[in-house]
Amino acid sequence: MTKSNFLSWWSQARSTGNASFVFVVVLFGVAILASLGNLAVPESSIFHVSTYTISLLGKYLCFALLALSVDVIWGYCGILSLGHGAFFALGGYGIGMYLMRQIGDRGVYGNPTLPDFMVFLNWQELPWFWLGFDQFWFAILMAMLVPGILAFIFGWLAFRSRVTGVYLSIMTQALTYALMLAFFRNEMGFGGNNGLTDFKDILGFDLQSDATRVSLFVITALLLAAAYFTSRAIMASRFGRVLLSIRDGESRTRFLGFKTERYKVWLFVYSAILAAIAGVMYVPQVGIINPGEFSPLNSIEVVVWVAVGGRGTLYGAIVGAVLVNYAKTRFTAIFPEAWLFALGALFVYVTIFMPQGLIGWLQKSLTKFNNKTEVAS
Amino acid sequence: MIQFKNVNQLYGGTQILWDLNLDIQPGSCTCIMGRNGVGKTTLLKCLMGLLPIKSGEILYDGDPIQAKSAEWRAHNGIGFVPQGRDIFPLLTVEENLQVGLPCRKQKTKQIPEKIFELFPVLKDMLNRRGGDLSGGQQQQLAIGRALVIDPKVLILDEPNEGIQPNVVRQIGDVITRLNREENLTVILVEQKLGFARKVGQDFRLMEKGKVVAANKMSELSDDLIKQHLAV
Amino acid sequence: MTWLDKTREIMAPDRVWPFLTPEVPATLDVSKNVILYVEGLSVAFDGFKALNDLNLYVDDGELRCLIGANGAGKTTLMDVITGKTQCDSGDVYFGQTINLLQRSEPEIAQLGIGRKFQKPTVFEAQSVFSNLELSIKASKGIWYNLRANLSGEQRDRIDFVLELIGLKAQHSMLAGALSHGQKQWLEIGMLLVADPKLLLIDEPVAGMTPQETERTAELLTSLAGDHTVIVVEHDMEFVRSIARKVTVLHQGSVLAEGTMDEVQNNADVIEVYLGSEL
Amino acid sequence: AETIKVGVLHSLSGTMAISETTLKDTVLMLIDEQNKKGGVLGKKLEPVVVDPASNWPLFAEKTRELLGQEKVDVIFGCWTSVSRKSVLPVIEELNGLMFYPVQYEGEESSKNIFYTGAAPNQQAIPAVDYLMDELEVERWVLAGTDYVYPRTTNKILEAYLKAKGFTDKDIMINYTPFGHSDWQSIVSDIKKFGSSGKKTAVVSTINGDANVPFYKELGNQGISAEDIPVIAFSVGEEELSGIDTKPLVGHLAAWNYFQSVDEEVNEDFIKQWKKFTSKKRVTNDPMEATYIGFNMWVKAAEKAGTTDVDRVADALIGIEVPNLTGGTATMLKNHHLTKPVLIGEIQDDGQLEVVWETDDLVPGDAWSDFLPGSKDIIADWTDPVNCGNYNTKTKTCSGQNF
Amino acid sequence: MHLWISRTILFSLCLLWSYFGHAQNSDAQDLLLELTEANLRETAELIPRLESAGGEQFLPLFNTLLAGDLYYEKQSKKLLSISKRDGQYLAIDVLGGNDLGEVEKSAIKKIRVNNSLRTLLRETIARINLTSQSAEKRLAAAKTMLGDVDDTSASLIDQRLSVEQDKAVVQALSLAKAIYVTVEGDEVSERVAAIEQLEGHLEPEVRVALSQVLAVDQGGVYTEPSTAVMKAAEKVNAGIAGKIKFYGFVEQLFFGLSLGSVLLLAAIGLAITFGVMGVINMAHGEMMMLGAYTTFVVQQLMPNAIGYSLLVAIPLAFIIAGSVGVLIERTVIRFLHGRPLETLLATFGISLILQQAVRTIFSPLNRQVITPDWMSGSWQINTVLSVTYNRLYILIFALALFMLLVTVLKKTSLGLNVRAVSQNRNMAKAIGIKTDRVDALTFGLGSGIAGVAGVALSQLTNVGPNLGQSYIIDSFMVVVFGGVGNLMGTLVGAFTLGIANKFLEPATGAVLANILILVFIILFIQKRPKGLFPQKGRAAND
C-alpha cells in the first residue's frame, strides 16, 4: 500500500467514524491470526507463529492496557501519575500469589502450603494476608480490589486536599517508590527481591503449554478491547467532557456545581483497576512478578509510551505502548550495546517533531492530505 | 512612524488579518476601534512581534521589522500593555517594574519616579505580588511596566477594562500628557467612545481583519459608528 | 469535650450518624424577602484586610449594582459568597436558612448561585456548545453524567442562549479561539443556561462595544425579578442604565448605598471613586 | 547449521550492567580463543548477545528468544539470583542449557543449569572458620543487602555460629536496601558494637553499588582492618577497581579465585584478558567461573560428539578442567563444582592477596546442611536418583517432576 | 604469657646490649635472611626476635613492613623499601637508608604482611617508641598500650612514668595504668583511686574495664566482691554513660545534617531547572553524573596532585555540565516551552542517551575517584565523637553552593528574568527580556550546579553510569516537599528529611525509615498541597 493509498483509506475509516472499528479489526485480526498461526500451523511452515512471538504480543497488549489506563487519567483529566506501575504490580502480585499457591507441593521443598521462599527463610505458617489466595476468584477479586482501594484512599486524600500538578505526580511517584522498598523487604512476605516465580499452572492449565499461552493472549486482547470501548464510552459521555473541563479549569468546573474531586477519585480508581487488570494478565504470561515492577522508572516509561503514541487519544496510548516495546525488543537484540541511544533519540525526536505523538502526527498529515485532495477535486 | 503594508495573518488554518494596511503618524494618538473579534488584539500582537505574520511588511521608522523579535522591538522603544494585563503574577509589583529596566536607554537600577507620580497606588503596593492586586491596580501596573522601558511608541489594548472611573480619567490624562508633553506615539484599542473621543486624535476602524476607515477623531461620525461598531 | 465524650455521644442509641442521613437538598427560604445576608464579613490576606466588617443585604429578585474603587473588595466578596475564599469572621446566608460558609464551591453552585468571573474563564479546549451543555441545570453527579443525554427542552434552551449571546455561528468552535469579548458573552451564556437564582456578575461589559453594552444592560434588566442579580461594573453609564439600588464599597466595607442619584452625589463616593468632574 | 550458537545473556544496561558486561566480554573472549583453536566439533562458535537490561521479566523473554528464535546450543548468563529464577522455567520448558557463574545462596539444582559459582559452603563457612580460628573473632556483624542471597547466607552462618557456641548478644545482623549509600549510622553502630573489648569482625554480604560508600565510610570513620576486619563475599577485584583502596588495606574477601594467584594458567588468562580488553582491566571470580564453565562445555560437547543438550548435560557430570588457581574443577552430580576457598586481604593497588586457603577442594553443596528445610535434600542428576531435590528421608523427589 | 615474659626479658637484655654496639649483628643478619624466606606465620615469630636483636635499629624495617612497602632483592636478599611512582619502582635500602634508585619489578619480591602481623608490628613499634626521643611517638605508643597492659608492661610504664616529662604522655600512661589497676589491682583503696581517675574518660578501654568490674554472673550476682569498688565504678560509669548518650545525640544530628546536605546537593540544581523553569528534568541526575566523571577525568590527568584535583574539578564540572545543559536547552527544551509534561519525555530520552554515552566512553564499570588526603579520615572531637572530614566538607560545601546560588539569583537580573519568563513568556518578551538567552543560561546554571554537586557526590558514592538514577527520585521529592519555586524550601526540606531519616533509622532500620519518610511526605502534602513553603497569592491558587 502506498502512503497516499494508506492515508486515504485511513481517512475514510476515520471520517466514517470508524477508527475504533478499524482498531478492533486490527486487534482481533492479529489475535486470531497469531493464535491460529501458533496452534494450527505446523512449526515447519513459514506461517507458523512461534510461542515466543505469542508471549511477546501478549506482553505488549498488557502494556497497552497499562498505557490506556494512564492515558485515561493523564490525557483526559490532566492527572499525571508517575506511579501507575504500582497498581499494575499490585494486580500482578495478586495473581502471582494465586499462582504461587497453585504450585502446592510441587515446589522444591515440597511444602504443600508454604511457598519455597518462605520455607527456606524459616516461615512457620502462611501469613494471614496469603489466606484465600488459593481460590482463583478471591485472588482476582483482591488483585483488583486492593489497587482499587489504594487508589481510592490515595486519590481521596490527594484530590480532596487539592494536591495537583507536579505535586500530585511526585506523590504518586513516592507511593510507588515506598511500595517498592516495602516489597523489597523480605519481612513483608512477598518473596523480597526475588518476588514470586516458578509458576506451574493456572486453573489447572499448564502455563507452559502453547494452548494456555494462546488463551491468555486472546483473553488479554479481549480485555484490552473491552477496556478500550468502556473508556471510549466514558470519554464520549458528558462525564468525559466534565473531565476535560477539570483538566482545563478545575476551579471553574467547581463553580458549575461539579464536585471535581469525586470525579477525579472515580476516574483514578477506574484507571487503577485497568492497570491492575493489565498486571493480572501480565504475570502469568511473563512468569515472574517482583518489586522491580514498582520502580518509579517503570511508571515513567509508561507515561513515555503514552506520549509517544499520542496523549488524549485512547488508541494513541495503545499504539505507543506497542511500538515502543516492539522497538525495545528489537533494539535489545539487534544492537544490544547501543539500543538506549536509539530509544532515547526516539523519545526526543517524537517530543520535538510530533508534539501530539504519532497519532497526532498521523492525523495532521491526514488533514493536510485531505485538504490537498479537496483542492484537487 | 509605523506602517502595515498588506499584512496577512493566520491562526493555524483561519485567517484573521486580510491584507491589512495601517499608517500611524509619529507623535499621534491613534484609536483602533472595531467590534469584538475583528482582529484588533491580533493586529497589536503582530506589531509587538508576539505573533508571526504570514506576508506583508511592518515598518517602524521606515525600516521593516517583521523579522525582528519582540525583545528587539521592546529594546527599540515599543512598549506594550496587553489586553488582560498579563502581569507577572508571582513577582512583586516592584519586580514587575524592574523587569523592564535593562531596556531603558539610560541604564539605572532605579525605577523612575515618574511612574509613581503617574500611579501613586503602585508605590504603596511595591511589595505585593502582582497577581494579588485588584484588576484596576493591575492595569495601572501594566501601564507603568510598559513605561519603564521608556518607549517611543506605546501600545495599549483596552486599558480601561475594569478600571474605576476616576482612574480611567487619570489614565486618560496620563496618556494625553505623555502624548502631548513627551511626544510619545500612542496606539490605543478602545471600545468606549467617550474615552476614545477624549484621548484620541486619530481613529482607525476595523472590520473583519481590515482597516476600513481612517481619519481624525473629529471626523468620526455617527454614521461610521453605526456602520462599523453597532451589532 | 474529651474524645470519650465524643465517642459516647456518637454511640448514643438514639443518635443518627450524620453520614447515614440522606442528603436533603437544602430549600431556599426567602420568606423575609431577603435572599442574601452578608453580616460582619472580614477577610484578610497576609494581614491586609480586603473585606472589613462588611454588611450587605440583597432582596429576592433585586438587581443590585456593586461599585467601588479598584481593590475595594468586590471580587473578594464574590469569592467568599461562592466559597472560593475562606473568611476570617462573619456570616453569609442564602435565604433564611442556608449558611454558605459551611459549603463547598460545587454545593454553592448547585444551590443556584452562578458566577461570571472578572477575567472570562471558559473551557478553552471544548466547543462553545459543550461549554453551555456542561453548565446546564441538571444533576452534577457522576453516574448521571455517565449516561446523560440532552433532552429536547435542554437543547432548545442552549439554542436559545446561543442566539442570545450571538455565538450561534461559532457553536462548534473551540472556546479558546474566541476573542476576548466573545468569551465574555459565552460566560454570560453559561450563566443563563444554568438558570441560577442568584447571579454574581463581575464586570460583564469590560471589552464590549457600546452597543453590546446596551444589549447586556437589557439582558440583565430582564433577568431581574425572576432572578436576583448582583453586578459589579466600573462603567458608570452602564450602571446608570440598569441600576435601581447601588452599593459602594470602599476598603472592604460599605461606603454608601442608595439609588444611583444619591450615590452619585455622595461626596465620599466622588472623592474615592467617581472623581470630581463628571 | 554451520556454526554453533552460544547465547550470552548478561545485562548491558541498567543497574546490573556494572557487573555483567565483564562476563559478556569474557564469553566473547573465550569464544574468540576457541574459534582460533578451530572451534568445537569442527564448527565455529557464533556468539548471540542480547541485553536483558537488568529487567527480570526481560531475562525470561530473552531466554525464550535465544532458545526459541536463535536456537542457541548453550547460554552463558545471569548474575543475580532473581534473574536466574526468572530464566529457570523457560530454560526447563525449552530444555536449554545454561551456565551460571556467580556465587549464590544455593537451594537449587536444575537439570538444565550448571552452577559454576560458589555455593554457600564454598565461601561463607570457610571464611567464618578463618575468622574464628586465625583472628580469634568473638563478635560478629552480619551485614548484607536485603535479598535472598545475603539472607540465606546469613541464616546459614547464624546457625553455624550458634552451633559453635556464640550467643545472640554477640551477633549483630543488619540489612540494607540495594544501592544503599548512607552508611553513617550503620558504620557508627558497628564501631560501637566492636568497642566491647572482644575481637569483632564484619561478615559482609553487601552487594554491588552499596559497597563503595560502605568502605568509604569505614575508612573515614577510622575503622581499620586491624580493629574490625570486614570479610566480603561480593567484593572482588572489579568492585575494588572502582574504590580508592588505600583506607581498606587489610580488609578481607573470600572467593575461589583471585587475580593475584601466582599460577601460570592465571598469568596467561590475565594476559589474554588484558589483550582482549584493555590494560587496566582486572579479572575476578565470576570470570573464572565463566572460564571453567565454558571449558567444561567445550570438553563435554567434544566428549558427547554433539551439542545436543541432554547428551552434553550427561557428559558434563564428572568432567574435569583446570581452574585458574592451579587445581582442577570437577562437575559434580548436583551440577555444582569443586572449588578451593581462598581468603585474601585487600592491597593498596586494589588486588587481593591470599592469606589463607583450604587445603583441599571443597565440593559445592546445593542444599545447605544448616537450614532445617533442606538438611535432608540432595541433588543428584545421575541414575537412579536423577533429580535436583531428592529427600534422603522420604526417598522422593519433592514436588518437581524433573 | 610465657612468650611475653621471655620477650620482655629479651627486650631488657637488648636495651643492655645496645650499649655494647652491634655485638649481635651477625645474629641479626641471619634473622633478616630468614625474613626473606618466611611465610606469614614465620614472619610473626621473627618479629619479636628481631625486636630483641636490634630494637630501635629495626624501627625503619618494622615501619616499612607495616606500610606494606618492604621488599627484598631476589639475588642479594637485601631488604628494600619500595615506593611506586608512575609505574616505576624506587628502592631505598631499609637499614642503610641509601637511595638505590629504580629497580626492575622482576628483581624484587614483596614481603607479605597481614592483619595479625600489622597488629603485632604496631605493638612492637609502640614498645620501642616508649623510650623514643620524640614525645609524639611516646604518646602514640602510650595510647596503643591502653587496655593492653599486663604485669610486666605495667612495671615498664612505672619506670617510664618516673622519668617522663611530657604531660600528655604522663596522662596517657597514667590512664593506661589506671585501667590496669581497676581490673587487676590488689587493694581496694588502690582500685577505687584508679577508678576515680577514670572519671570522664570516654575511651572504649575504660568502658571495657568498668564493665568488667560491673559484670554479673549467670545468677545475676555481681562478681565484684568489694562494694566500695562497685560503688565507685557505678558512679563513674553513669557519668560516662551520660556523656556518651549526649555525644551520641550530637553524632546523630550530624549524620542527619550530612544526609540533608547530600539531599540538598542533589536537589539544588533541580530547584532551578524544575522549580523555577518548570522543566521536569529527568536528566538532572545525569548532570550530576557528568560532574562526577569530570572529577574522575581530572584525577586521571593530574595523578600527582590529587589534593588539588577537586579544586580543578569543581569549576570544570560546572562548565561541562553547564555546557551540556545549554546544549540540551538550545536543541530540545526550547521547543517545549509551556509544555512541561513533554519536557519529562524528552529529558527522559536524554538521560538514557547520556547514561549510555558514559557506558560507551568510560565502560559500564564504576570508576575510581580518589579521596584527597585532606578529605579522608575524621576529626576526632573525642573518643566517642568524631566527624568525618568528607561529610563535614560536603556539608559546608552544600551550604556554600546554596548561598552562592541564592546570591546569583538575587543579585543579578537573571533571577528576576527567569521568573518573569516562566510566568509569562510572551509578556517577558514584550518587555524586552531576551528569553532565549535567559532560558539557556538558567538551564545551564541549573545543570552546572548539578555538575558541581556531582563532584561532591563522587566523594561519597559510586561514580558510575547509574549515579544519576539513584538520586533523581530523592531530588524531586525534596524540591516538591520544600515547595516548588522556593529555594529556601529546598534547603529546609533537604535538612528536615535528612535529620528525620537519621533519627528514625536506629529504631526502624534503614529501609523502614525510608518508607516512613515517604509516607510522611505523602501525608504532609495532603496537609500542605504546595509543600513547606508554598507559592502564595491569587495566581497560585488556581
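Order of writing sets the chain letters: A, B, C, D and E. Residues in each chain are counted from 1.
Following the convention adopted for this analysis, a residue touches a chain if its C-beta (ideal position, glycine included) is under 8 Å from a C-beta of that chain, and two chains touch if they have at least 3 such contacts.
Remember, it's a predicted structure, so these values are computed and weren't measured experimentally.
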item	value
Contacts common to chain C and chain E (chain labels)	A, B
More contacts between chains, A-D or A-C	A-D
Geometric centre: closest chain by C-alpha means	A
Furthest chain, CA centroid comparison against chain C	D
Chain located farthest away, centre of chain A as origin (C-alpha)	B
Chain centre separation (chain B, chain D; CA means) in Å	75
Centre distance in Å when chain A and chain D are each reduced to the mean of their C-alpha atoms	36
Separation of mean Cα positions, chain C and chain B [Å, integer]	32
Gap in Å, rounded to a whole number, between the CA centres of chain E and chain B	63
Multi-chain contact sites of chain D, meaning residues that touch two or more partners	12-13, 146, 175, 177
Contacts with two or more other chains, residues of chain E listed in rising order	355-356, 469, 511, 514, 536
Where chain A touches two or more other chains, by residue	181, 184-185, 251, 337, 340
Of chain C, residues touching chain B in the complex	45, 48, 67-72, 75, 118-119, 166, 177-182, 185, 203, 206-212, 215, 234-237, 272-275, 278
Touching residues (chain side chain A, partner chain C) in the complex	234, 237-239, 241-242, 244-245, 247-249, 251-260, 262-263, 266
Residues on chain C engaged by chain A in the complex (per definition of touch)	82, 84, 104-107, 109-110, 114-115, 117, 121-126, 130, 133-135, 140, 142, 145-148, 190, 194
Residues on chain A engaged by chain D in the complex (per definition of touch)	50-52, 55-56, 59, 103-111, 117, 119-122, 181, 184-186, 192-195, 197-199, 208, 286-288, 290, 292, 329, 332-333, 336-337, 339-340
For the chain E and chain A complex, residues of the former touching the latter	274, 280, 282, 332, 335-336, 339-346, 348-353, 355-357, 360, 469, 473, 476-477, 480, 484, 511-512, 514-515, 518-519, 521-523, 525-527, 529-531, 541-542
